[in-house]
Each structure stands twice: as C-alpha cells, then as structure tokens.
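In what comes next, subunit A is part of two complexes: it sits with subunit B in the first one and with subunit C in the second one.
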Partner chain A sequence: MNLSLELMAPEIIVLATGFLILISDLFQKSKNENKASSILAIVGIMLAACSGLFLTDAPKETLGGRFGLDQLDLILKEILLLSAGLVIMISPAAMKEKSEQKITHFSEFFTVILFTLSGMMFLVSSRDLVTLYVSLELATIPLFALTAWTKTDKSGEAGVKYLIMGAIGSAFLLYGLGFIYSITGDLGLKAIQTTLTASQLTNPSLYLAGALILAGVGFKLTLFPFHMWAPDAYQGAPTPITAFLSVASKGTGLILAIQLLLKVMGFLLQPFVFGIAILATLTMTLGNLVAVRQNNLKRFMAYSSISQAGYLLMGFMTTKPEGLTAMVFYMLVYALTNLAAFGVLIVHIHQTGQEDITSLRGISKANPLLALSLMIALFGLAGIPPLAGFVGKFFLFSIAAQVGYYWLVAVAALNSTVSLYYYLRLVRQMYIEPENPQSQKLQISPMSILGLGIATVGSVVAGLIPYIYDGILATSSQWLQVWLKI
Partner chain B sequence: MLISWVLVSLLLFSLGIYGVLTRRSAVGLLISVELMLNAAALNLVVFNRFLFASRMDGQILTIFVIALAAAEVLIGMAILVMLFRRKKSVDVTQLSQLKH
Partner chain C sequence: MGILSLLIFIPFFTAMGVVFAPSPKSVRWVSLIGTGIHLILTFFVTIEYFNLASADSQLAIQQLSTKLYMVEKFDWFKSFGIQYYLGVDGISMSMVVLTSIIIFTGVLASWNVENRSKEFFALLLVLVTGVFGVFLSFDLFLFFMFYEVAVLPMYLLIGIWGTGPKEYSAMKLTLMLMVGSALLLVGILALFHASGLHTFDLIQLANVKFPKDFQNWVFPTIFIGFGILGALYPFHTWSPDGHASAPTAVSMLHAGVLMKLGGYGALRIAVYLLPEGAKEWGLFFMGLTTINILYGSLGAIKQKDLKYFTAYSSVSHCGMVLFGVATLNLMGFKGAVLQMFSHGIMTGLFFGLIGMVYGRTHTRIIPEMGGLVKVMPWLGVAFYIGGLASLGLPSLSGFVAESQIFMGGFFGNQWHSVTAMRVLTVLSTMSIVVTAVYVLRGLGTVFLGPIQDKHHEELTDATFTEKLTTGILIFTMFVVGIYPRVLVDMIEPAIYPILNRLNM
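Right after this comes the complex of A and B.
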C-alpha cells in the first residue's frame, strides 16, 4: 500500500496544534489566561491553510483509496479553516465577566474546536463509508460538548437537545447507508457510484436509502422538518459556539450532502428536482416567517440561518457545474457574512449580558464602527447589492431559473424581501431608536478587531472579485467530470 | 432468513423511535437512541452475512459504529450528570427554559 501522508498535512497540523495547546495548558499559571493558546491555535490554522496551498493539482488518493484529495476538497477545506480561524479570533471576547455564559477553560475550548475542525476536514476527503461515518462523528460529537460548555441550565439544556437530535440524525444516516451497502456490497464511494449507475433505479430500497440519507443530511443542514434542534441549541450554546455551529456545522452538512447525494447518487437527482424545490421553499419560508417574531438575538440568528439553508438547497437542483459552484461560493460568502455579524454580537452579548434585540438600542452612538460592521453583515445576509450576499444569492436563484422553476425564484425573492424586514429591525434599533441611557462603549481586543475586520471586508469584496467564483467554477466542472462523467 | 433479520432490525429501529418520542427521562432517551444506532449496525451485519459473506466490509463498519455510539453516550452522560447536579432531575419535560 502506498502511504503518502503529506496529503493529510492540513488535518495533521490541525490535530497536532490541538494536542500542543492541551499540553501547553499544563504549564500555564492562570486557567483563564487565553492569549497564548488562542495565538497558538491561529498559527496552527494558518500553517494548515498554507500547507493546503502546496498540495496537488491532480486528484490523489492514499490509505488504499480511503482518503482522497482533489481541488474542490482543498477549496472546501480552506473555507472550513477560514471560518474556524475567524471563530477562534472573535471568541476571546466571550471571556468578559458580565454574561452568565462566560466561557472558562479556554485552552480545552480551542482544543475541542480544533478536533471538530479536523473531523470536518477528514469528512471532505473521505472516500469510503467507514471514513465518512467516523469523520462525521468526529466533527459532531465535540460540538455536543462545546454546546454544553458553560455549565449553566440553558447551556446544558441546549446540549441535551442537540445531542439527542444529532444522534437520531446519525442513526437515520447509518440506517440509510446500510441499505446502500445491501445494494452494492461495497463501501468505497467510487465503487458504490459505479454499481448504482449500472443498476439504473430498479431497486426500491435505493429510494428508502435516499430518503433516510436525506433525513440524516437534513438534521445537519437544518432543513425544514429536521430543524427543531437548531433554535434551542443556538440560543443555549455559548455565543462563539453559536457562530461556529451556524457556519462550520452547516458547512459539514453541505459537504455530507455533496459527498452522498451529489457524488454517489447524483445521477438520481433529476426526477426529484421538484421535491428539492418544495423542500427549499418550506425551509426558507419557515425560517423567515418565524424569524420575524423573535426577540432573542441568538434565536433570531438561528432562524435566519435556517432560511439561508433553504436558499443553499437550490444549488442541488442541477448536476451542472454551476449548481455546485453556487453552493460552495454561497457557503464561503455566508461564512464571512455570518461571522461578521456574530463578531459584533459576541462582544455585545458578553459585555452587556443582554440578548434581546432591543438591547441593541442606540449602540451606533457609542460604537459607530461595530454598528457599521453589523449593519453591513445584516445587509449581506439579506442580499443587498453590491455586497457578496447578493452575488451568492443571485447565482443560487439563477440555478432555479435555469432548470425552469421560475415560481421558486419568485418565492425566494419574496422571502428575501421578508428577511430584509427583520434584518432592518436590528438596524433600526441600532441607528434610529433613541440611545439607551445605560449604553456604554464596548471594549474590543486587537485580535477580535482583526477577525471582525477580515470577516466584514471579506463579506463586501468576495462578490466583487471575479477570480473567486471563476476558480470554484473551473474546479467544480473538473470535479463533476471525474465523478459524474458530465 | 435474510428477510426475518431485516425485520428484526426494523423492529429495533422503530422501538428506538417510539422510545425517543415517549420517554420522559433523558437517560431513557439516550438508551432509545442507542437502540436506533444498534438497529442500523445489526442491519449492516445481516447484509454482510447473508449477501456478501466473502468480504467483511459491513462488519468492520459495525465495529466502528459501536465505538462511536459509546463515545456519543459518554458525552451525553457527562452533560446529564452536569444537569442533574444543578436541577436534581433528568426529566426532559422540565428542560423548557429555551423558548421564543
């Protein structure tokens, strides 16, 4: 067996950094000193990202074809690394005393984040069902612990709910994988795809497997009937973990969907485009309508991210390269924009100790830059041109138009308008409502400023640089030629 | 023979879902979820044994599933112990702080 471990360099660096932080914690005097470990974590993530840039052009495999790497995998990994790095940059703001959700044990906190990040990256590269399932659990199980990190009633409740729902989701997924195995008798994704394509839809248990896998993916991606855990987990989790859940965990769901639904069962998607359209409609409409009524900032962001998952789903309506590209591009844009919003919310929630939307009243007076950055992020999520959020949504909507679903484009545009209403509610609180007499100047560390700056600038310019979209498009057409022979 | 074993695993899976929907104790919920995971694992072993007996793929995946399910329960019990210390109960109907 040819063992070329250099293909795994980013994952190995991330894991090694995790262990290094854990060991270096032993030599620290104060348990709440977080500077060293956060710098170590960021350096590790940057090293991993750089090492990814040196990796191959041609698709390669190692460990007997169980671990593969191609250009699209690298792009997805860089997006995951970027979002985890930004989360680590903005999370030390959650150490302040005011909020009951204060995070302790920062070294372990970063270590667990790095472990779940490595799981997500292994998931991208997995080429058989064993690797896929193990890395999916490696990405998911640490998140349960992170959700319950602060040991308060709310955090624990969120942890239990997330754990039970997450475990049910993975049980559904595994039951589905069992039926896939019963049809093909093989665990390698390539072999499964070849056998399934040859059998040409004669097997009814294939549909059962598809439905079960869709349920498993739906739990991760917070699609309509499986979204119940998201608002509770998002509200109870410590705010940096809410940010991480909304970005990286959703990214994991997307990667799982690409691996199983597009790569393995992609040829099956054509007859089910109508079902995908219905699922997208329900998800975005539910997310938007319920978000209008929310008063808690974190719960509000949860429903907003559910509706974003609905938009994201439109990319699955075609097996042309444009669909895949639109989804990956939107994931990048969504990660930057959402983290810019959360960067401000973390500082706000943890210094004022208040999570209500009305607590944002008049903060633009004392903190003009923070308010501006939150406003840009919210406009980006709503999809106002020329922000990157608009460009990402445009590509997704154009997919629906390409396959002839004009009513879906209309529904999605209508939903965007509704979402603009509730995002503007926050902007109104910040800019138009009279200033709260107790409002104070929020303290923000240089590291958070850097993270917030990268996310905000990224959420503005990512749509203006054509190189990004073109790069992903070229890669995904190559990828589809390899996997789906299209 | 194959069909009866598949039915057994389906029965286990359904029992698990029934347990998740009806149990009030969080520990009971965890056990029900375990039942679902084990039904899926049994499925893999059965298909391996009856359909593709020459290779061991499905059974290898099952071993991983057992280990992962144990890890999942470990985290779950840790969270439950933490909650029990604070609330003196693991009744899920009392976990209702997070609403609107």
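Right after this comes the complex of A and C.
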C-alpha cells in the first residue's frame, strides 16, 4: 500500500500541536497561564496552513483511497484553519472576568479545539463512508465536551442537550449511510457514485437515504426543524465556544453536504430543489422572526446564525459551479464576520458579566473601536454593502434566481430586511440609547486585538477583492467536472 | 484613478480625514474643504462634459443607447460579469452637480453640530459617497452597492442626532427603504439571469429585448423598489417622520438628493431597460403619482410643524418627478429630471432654513411663531423665495420643471388613453393652487404680522455662514429659473436614448 503521509501534513501538524500543548502544560506553573499554550496553538495552526500550500499539486489519494485531497479540500481546510486560529486568538479574553463562565484549563481547552479541528479536516478528505463517519464523530464529540466546559448548571445542561440532539442527528445520518451501503454494496464515495449514476436507480430507498442524510446535515447546519439545540447550546456554552460552535458546526454541516449530497448524490438533486427552497425559506424566516424577540446576546447570535444557514442552503439548489462557489465563499465570509462579532462579545460578556443586549449601552463611548468592529460585523451579517456579507449573499441569491426561483429571492431579500431590524437593535443600544453609567473601558489583550482585527478587516476586504471568489469558482468548476462530469 | 472615481471618493477620503482630524473643531473645516474641492472639481467636470458632449449633440436624437463620457471600466468580479464601470451622461451630470451643491451647503448648515461631530461628518460624507456612486455607476451591481451605502448611514444619522421620536423614525425609514432595495435586488437578479449575457453592464442590458411577460412583472418590481425611495404613494409614509426627526443637514441631503435616487433609478433602470413594461404600467403609476401629488399638498395644509409641512410638500413634489417619468414622453422625462434638480435645491433651502429658524426660536410649531421677518429679514425673504419656487413662480426653477411635467402629461403618448392622461394631469395641476394656499398661509403665519412671542424679539438674523448657505441655493434657483438652457442642454441628449428605446 502506498502510504504517502505528506498529504496528511496539515492534519498531522494540528494533532501534534494538540498533544504538544497537553505535554507543555505539565511544565507550567499555573493552570490558568494560557499565553504559552495559545501561542503554541496558533503557531501550530499557521504551520498547518502553510503546509497546506505545498500540497497544491493535488488531487491525490492515499491509505488505499480512503483519504484524498483535491483543490477544493484544500480551500475548505484553509477556511477551517483560519476560523480555528481566529477563535484561539480571541478566546483568551475570556480569562479574566466577572462572568460565572470563567474558562479554566486553557491548555486542555485548546487541545480539544485542535482535535475537533483535525476531525473536520479529516472529514473534508475522507473518501469512504466509514472514514467519513469516524471523522465526523471526531469533529463533534469534543464539541459536546467544550460546551459543558465550565461545569456550571447552564453549561452542563447545554452540553447534555447538545449531546442528545447531536446523537440523534448522527443516528439519522448513519441510517442514511446504511441505506446507501445496502443499495450499492460499496463504501468508497467514488464507487458509490459510479454505481448510482450508472444504474440510474430510482429506488425509493435512495430518496429516503437522501432525506435522512439531509436531516443529519440539517442538525449540523441548524436547519429548520433540526435547529432546536442551537439556542440552548449557544447560550450555555462559554462564549469562545459559542463562537467556535457557530462556525465549526456550520462548517461540518457544509462539508458533509458537499461530501454526501453533492459529490455522491448530486445527480439526484433535481427533485429535491423545491424541497430545499422550502427548507431555506422556513429556516431563514424562523431564525429571523425569533431573533427579533431575543434579549440575550448569545441566544440572539444563535438565531441569527440559524437564519444564515437558511441563506447558505440556497447554494444547494443547483449543481452548477456557481452554487458550490457561493456556498464556500459564504462560509468564509460568515466565519470572518461572525468571529468578528464574537470577538467583541467575548470581551464584553466576560468582563462585564452581562449577556443582555441592553448591557451594550454606552460601549460606543467607552470603547469606540470595539463598537465599530461589532457594528461592521453586524452589518456584514445583515448583508449591507460594501461588506463581504453582502457580496456573499448576493451570490447566493443569484443561485436562486438562476434556477428560476424568483420568489425565493424575494423572500430571502425581505428576510434580510427583517434581520437588519434586529441587528440595528444592537446598533441602537450601542450608539443611540443613553449611556449606561457603569459602562467601563474594556481590557483587551494584543492577541485578541490581532484576531479581531483580522476578522473585521477580512469581513470587509473579502467582498472587495475578486480573487477569492474567482479562485474558488475555478476550483469548484474543476471539482464538479471530476466528480459529477458536469 | 480617473476623474469620476475622484468625484465619488473625494467625500470618502474627506470622511477618513474627518476620522483622523486632530480636534472636534477642525472636523467641520476638513469637511468644508473636502466638499469645497469637490464642488470645484464638479464645476470643471461639467465644463469638460459640455466640451465632450457638444460635439455629438446633433447625433443624440437618433441614438439608441446612452452615450457615456469619461468612462472608467475595469473587470471586478470577472467570473460573475461584474465591472467597476463609471460614466457620465447628461442626467447623471445634472444630479452630480445638484449633490455637490447640497453637500457643500449641508456641511455649512451643520456648522454648529457639537455632539459627536466627528462621527456626524464622517457618516454624512460616507452617505454622499454612496449617492455619487449611484449617479455615476453604470453597472447594476455597483449601482446597487452604492445605493445601499447611501441609504444605511441614515439610520445612525437620524437615530443619534435627530429630534423627537427619532428611534422610531429612523427604524421606519431604514426598514421601508430596505424593503425597496429587496425588490430592487430581485429585479436586478432577474434582469441578469434573463438577459443571458452574463453581465451587469447597464448599457449592454439595454440592448436586450426582454420578453413581454417578463417585463410585465419586473417593471413594477423595480419601479416600486425605487418608488419607495421616491416617496411613491402609498409607500411614502417613512418620509414625513424621517424628515421631521432628522437633523438639518440630513433632511437637506435626504429630501434634496436621496429621494432623487428613486426618480433617477426609475427612469434609468426601470423605464430604460424595460420599455414594454413601462408601456403596460405607465398609466397605473401616473394614477398613483397623481394621488401622491394631491395627497402631499393637501396633507401639508394641515401640518403644524414646519418640518412636517415641508416633508409633505416634498411628497407632493417628488410625486411630480415620478409622474413625469410615467408620462413616457420627452417633455415628461425632461421635466422629471429638471424637477429632481429644482426640488433638490429648493428642499435643501427649505430644510436648511428651518434648521436656522429652529436654532433661534427652539420651536418648529407654526402657530407659536409670528412676525419673524422683523427680526430676521434675510431668513424670512429666503424662505419666501423658496416658497414661491415651490408653488411654481416663473423665473424660479420650480416653474420650468413643473410646466414641463404637466405639459408632458397633457401631451400624452401613443400607448395610453390620452383622455385619461389629461384628466390625471388636470387633477395634478390642482396641487399648484393647494401649494399656493399652504405656502402663503404657512409662511404668512410664521413671518408676517405682529411678533407672537416676546422672546422672539431679541433674535438675530442670519450669520455669515448661513447667508452663504442660503445665498448659494437661491442663486442656483434663479440661474435655472431664468436660463434653464444650462440644464436642458445637458439633460436632453441623455433622454433621447430612453425615448428611442420606447418607440422602437
């Protein structure tokens, strides 16, 4: 067997860094000293990201075809590395704090984040059903632990809720995978796809499998009606984890969808398009309408991210390269924008100990740059030009128009208006409402500033420079040619 | 960076300068210098435009596609057919001139903003960047991008620096305008995908003959999308609240320039790209705008607050813009663009003056004032000149515009029943009488008669900056009123392509 491990370099580096942090923790004086481990984690992630750049002569396969790597995989991995890196940069702000959700044991905390990250990266590269499922569990199980990290009632409750719902989601997915195996008798994605395409199966169980997999994906992407875990998990989890969850879970969902729905069953998409449109409509509408009434910042972000998933789903309505590109691009933009928002919220929540949206009052006077950063992020999430959030949404909406679903464009655009209403509620608290007399100057470490700065600037610039979109488009049209022969 | 990019980004650079200005006091000087440079540059660009355009003024009559000057064109999102495409034709040139004048005077009118002046001027300038961008871009994506940049800062400008129920007004305005842009987005994407050209280039899209069924639903979508910003009845309700709550310069910009984006877009995108749809829906929108015109002017009679008074009169006058667009003939279009210019200047003057009067009397309630012309003759006379322009007195800009619009409406076109158009036109002209009633009555109460409030006796007349502000605006009004050819020569060649597309 040809074992070319260099294809796995990014994953190996990430895992090695995880273990290294765990060991280095033994030599540290205080359990709460986090500087060394966070720097170590970031260096590891940067190394992994750089090593990815040397693998651009993909596509290649190893481990007997169970692990593959192509250009699109690389792009997805770089996005994941970037998000995880940003989370690690902004999370130490949760160290010194008033909030009951103080995070302890930072070294283990980073280690677990890195394990999740490696799971997601393996997921991207897995080329058969077993590897895929195992990587998925590697990506999700640490998230349950992270959610329950602070050992408070709320955090524990959130962790258990997330665990149960996540397990149900996995069960759905596994059931679907079982159907696929029983129909085709094969485990390799390529083989399954060839069998399915060649036989032009119209077996009803195939549609059932598609629906079950969609449900499994729905749990990860927080699609209606599988979104219920998100608000509780977001609220209960320590804020850095909420930030990581909001990106990691969506990323996992998107990767799963690309791997299974697009790669393996892409030719089956046509009859599902209407259903996807309905699902997108319900998800974004529900997320938006409920977010209007939220007063807890983290719950608010949860519903906002549910509605974002609704927009993201619009990219699945076609097998043309524009659809895939729009989704991957939006994932990048969403990660940057959401992490910029969370970067501010982590500092705010953990230093004031307040999670209510009214606690943001006066932040624009005491901390003008933080407020500006949050405002840009919120406008980005609402899709206001010239921010990247707008460009990303524009491409997604364009997919719906491309397949002739003009009503969906209208629904989505009106939903954006609703979402603008609640994002402006936050802006209003920050800028317009009379100041909170207790509002204080928030302390922020250089590392957090850097992370926040990258996220904020990224969320502006990604929409102005065309190269990112063009690059993803070229890659994904190539990818679709290879996999779907389109 | 080309000259048009400069026109767009000078306000943006000024905004950056404002952010890094050393002291809050210096902020207004930075803004004034920035907008002053912009005004001068606009002047030179206008002359340059005349030089370039005079050569083909004879050709324009047969032209089918808009001839652009000083074009800047780069691929942006190439794989998506999105370009950075700037150009200028007569209509956009006149609008740029208008905006440049209004922002310059707007900065002068906000000379006394003390509260967070840095953010105020920065946001104001960012907003204007968006407005210039809309007028100069000929790529639909770019257009839409600038359009939203122009709309959104309004929320903060009204919310932070406004008066009265400002949070409510700001939210109402923003959300209603965003519903408008949601409709626009649908329309733009529909145009993009239906054309099959894979481009957002407005000039190229104009050469496509879209199927009639398609035009029949996209035209009203886009027209209403722009109509919301142009205060089309029944989507005008954001406008009185918004204008009444906004601070002076913001009302000036918003009523003076931003509402014009609606009329501009309706003409440039809706009618130009979708002529069949326009023929189908023209009469319907004429009907709606007739209600606009009458409702606005009748509404103004009942208002006690000077700002609401002017806001309702704006609804009426902006209705005339859309009325002119809906007539689908040369005079109507010409009148509509002239009215955009004239109303922009006039309303800028009005809101500027209201701010100045309010700064002295601390009330905007009409019955609480009286005899003010005795203590502030300059402001009183300026107010009257504005009022007379608004009721269409010859030799002021309002007359030129309104007469063209109503003549256009009466003249009719070949697609709609001429009788119906004439009936609507006659109904609309009634508003001139109503306007005379409310303008003369309202201004009479405020400025004539004995002084009502003893405290008002010690008030002072306009300061130098205020005289400069009002002077510039009044001068412009007279220039256009007495010698309208300056503008007409600019606008007319740009209208022929739109007309020729209709007649094709």
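We take it that the second predicted complex is superposed on the first by the 483 of 486 C-alpha atoms of A that agree within 3 Å, B and C clash if a C-alpha of one lies under 4 Å from a C-alpha of the other, contacts with A are read in each partner's own complex, and residues count from 1 in each chain.
Here, a contact is a pair of C-beta atoms (placed from the backbone, for glycine too) under 8 Å apart; a residue touches a chain by one contact, two chains touch by 3 or more.
Since the model is a prediction, treat every value here as computed from it, not as a measurement.
Asker: Determine, under the contact definition given at the top, whether A:Leu187 touches first (subunit B), second (subunit C), both, or neither.
Answerer: The answer is first: A:Leu187 touches subunit B but not subunit C.
Asker: Going by the contact rule set out at the top, does A:Tyr406 touch subunit B (first), subunit C (second), both, or neither?
Answerer: second
Asker: Looking at subunit A, does subunit B or subunit C touch a larger number of its residues?
Answerer: Counting contacted residues of subunit A, the larger count belongs to B.
Asker: Name the contact category of A:Tyr421: first (subunit B only), second (subunit C only), both, or neither.
Answerer: In the superposed model, A:Tyr421 contacts subunit C only, not subunit B.
Asker: Touching A:Phe379 in the superposition: subunit B (first), subunit C (second), both, neither?
Answerer: second
Asker: Looking at A:Ile141 after the superposition, I want to know if it touches subunit B, subunit C, both of them or none. Which is it: first, second, both, neither?
Answerer: Only subunit B; A:Ile141 stays clear of subunit C.
Asker: Subunit A touches which residues of subunit C in the complex?
Answerer: Result: residues 75-80, 82, 141, 144-146, 148-149, 152, 155-156, 159-160, 166-167, 170-171, 174-175, 178-179, 181-183, 185-186, 189-190, 192-193 of subunit C touch subunit A.
Asker: Sort out for me which residues of subunit B touch subunit A in the complex.
Answerer: Result: residues 13, 16, 20, 26, 29-30, 33, 36-37, 39-41, 43-44, 47-48, 51-52, 55, 57-58, 60-61, 64-65, 68, 71-72, 75-76, 78-80, 82-83, 86-87, 92, 95, 97-98, 100 of subunit B touch subunit A.
Asker: In their shared complex, at which residues does subunit A touch subunit C?
Answerer: Checking each residue of subunit A against subunit C gives 379, 384-386, 390-391, 394-395, 397-398, 401-402, 406, 409-410, 413-414, 416-417, 420-421, 424, 427-428, 431-432, 466, 469-470, 473-474.
Asker: Note which residues of subunit A are touching subunit B in the complex, please.
Answerer: Touching subunit B: residues 129-130, 133-134, 137, 141, 144-145, 148, 151, 153-154, 156-161, 163-164, 167-168, 170-172, 174-175, 177-179, 181-182, 185-187, 231-232, 235-236, 293-296, 299 of subunit A.
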